[in-house]
């Protein structure tokens, strides 16, 4: 039975789908962490300024 | 007691407003009628196939026109009515939901009472029978229970007119299937043995989502 | 300034979550590799369906996790409506998105399996229809959040949809099942009744791998949602 | 940070309104920040401040119409969120949106709301007000045909229909002519509950109010009795040094 093509397509969908999604959320997490630490640094400076 | 007094006052108000504004029922009817005409040409309804396609045509036309129009009983309230006034009133939990539900059911039944005779006339198929009317009423209640809840939810949301059908059609799939199949069963005279318990399914759906709406509507009202 | 730190609880440590997701990553990635080996080489080729039967090792675990995700949306929505805490909302939001990804994969793989076996991409089988409806409901769920006038309102509205949508699932399933008995179709299920032990082992490994993968992704996604909330609150505080 | 001390001496130990640390997010900015207020029975509190200072947001939260993003609100000593349904019976609210149905007559509107508030014999309550505001000959015409000022007066009657203990009025004198404004002052003087209201009309505000809260950018920057304040101050609410009470 020659239906390997369908299996191959399905595997592509599964693996590429999952890896693209993981890559996407990984990037987003790094990006947000970066932003958060920037905000924190800024806030710490502000606190020093206040004192 | 107080609960039903409030519900009655709200339903009465909606009916009076509809009689004076004539905004919802008429557009429901005209919309449904136009879909009937479009379906006739899309599917070439003839004597041979009208019994198998007819039920779907009736229900799709009714559901589409109601999905477009039924949310307006609530949207209009937000736009130029007393939404805030109703929220600041000491309404009992869910009274507003029940009132809007009853209003929507009445509007839909009224529009259906106009559209069914038109269907009989245009397609020469007798659908005004007691079993089909029962299915119609149960289906309408189920449709209204969901659409009222989601119209409340969408009242202050962007793109609410589009979002209402997008949200309610998937949830209403059981109602669509049950009403179409039950109507078809009655038209083709399928023996009771071969029938799935569509009426039971509709009753269960109605009961479940009226309760859900009654409980959850409170969450929807707040800002 | 003191007011900001008191209210935002910024410096809350997520240390143990980081550890857990690291551990999960270390376990999941080799397990995924093992899954690849087990499902493609270790498990024997199915006699009747051929290679395409191997899709089943991926289709069913993604399906299971998709449903698990939507169950979590339901639970988190109920808790959120009672407690209004940001965490449960973030979990619901994350779970809906991850569930949508898994369900999309499941629908596509199911289709790719159906074409050679049933001869059709789509069969309106009750499970497929129910999945498709779920997919629509949770797509609507994410749209509803995007269109809501405020984040708080979006969270509450979405919670209502998360509850109603989930409660609807069994009814959708029943109705499509009864509908199918009236419109008979070919009945070949993706799973086999009697599976050789190698197939069963491959399936169990795959199920475990995908479930751990799901949990790992869900943790990351929930953290993203929480950080997003926090950044938004801070930008408002400071701006 | 700011004084919570009410400017009036009070007999009732439980404040009618007690807000602590109220914050409200609106369109990604704080419409209210850390608002603390205590209002005691019988006080008439004027909320004063420029557009966008948070007056409307505060009134909507006090009316339980919108939920504070942060902080706690107690009305009559009860948690507002928990007991909102019982509390709403005791609150009358008039917002920018008049919540009248324009295709109903004035009488139908009033009767609808009196049923929602379970008021018996509402005519006895609203007819005197209808006479005072000179609306009696329009009672059976649709609100659609009312002028803005008439609608405003009708909405005020509606807010009073269930004899609330707290009256929350957002710009009640909007659209009213001098005579009607004067009538409104009289009506509010006879009302024996607590009033919190906002106004841009300084004469009206100082004649009705006996305590002034000055809002700026979502915060209360001053809390004074009318005697302590002279109207020139209020013309420049941003001049903090004149208004802020030093602790």
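Chains: A, B, C and D, in written order; residue numbering restarts at 1 for each.
The rule is simple: contacts are C-beta pairs under 8 Å (C-beta built on N, C-alpha and C of every residue); 3 or more make two chains touch, one makes a residue touch a chain.
What you are looking at is a predicted structure, and each value in this text was computed from that prediction instead of being measured.
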Inset, instruction - Give the fewest steps needed to get from chain A to chain C, where each step moves from one chain to a chain it touches. - result: 1
Legend entry - More contacts between chains, C-D or B-D: B-D
Legend entry - Central chain (distance from its CA mean to the mean of all protein CA atoms): B
Legend entry - Averaged-CA centre spacing for the pair chain B and chain A, given as whole angstrom: 43
Inset, instruction - Quick one: report the Å distance separating chain B from chain D, using the average Cα coordinate of each chain. - result: 40
Legend entry - Length of the line joining the C-alpha centres of chain C and chain D, rounded to whole Å: 49
Legend entry - Intercentroid distance (Cα basis), chain C paired with chain B, Å: 32
Legend entry - Multi-chain contact residues (two or more partners), chain A: none
Legend entry - Residues of chain B engaged with two or more neighbouring chains: 222-223
Legend entry - Two or more partner chains touched - positions in chain C: 150, 235
Legend entry - Inter-chain touch pairs (all): A-C, B-C, B-D, C-D
Inset, instruction - Give every residue of chain B touching chain C within the complex, in rising order. - result: 146, 149-150, 153-154, 156-160, 163, 166-167, 169-171, 173-174, 177-178, 181, 194, 196-198, 201, 204-205, 208-209, 212, 216, 219-220, 222-223
Inset, instruction - State the interface residues of chain C toward chain A in the complex, per the touch definition above. - result: 1, 4, 10, 49-52, 54-55, 58-59, 62, 101, 104-105, 108-109, 112-113, 115-116, 213, 217, 220-221, 223-224, 227-228, 230-231, 234-235, 238
Inset, instruction - Under the touch definition given earlier, write down the residues of chain B that touch chain D in their complex. - result: 2, 5-6, 9-10, 13, 16-17, 20-21, 80-93, 222-223
Legend entry - Of all residues in chain D, those that touch chain C in their complex: 25-30, 34, 67, 69-70
Legend entry - Residue ranges of chain A in contact with chain C within the complex: 1-4, 6-7, 9-11, 13-14, 17-18, 21-22, 25-26, 28-29, 32-33, 35-36, 39-40, 42-43, 46-47, 50
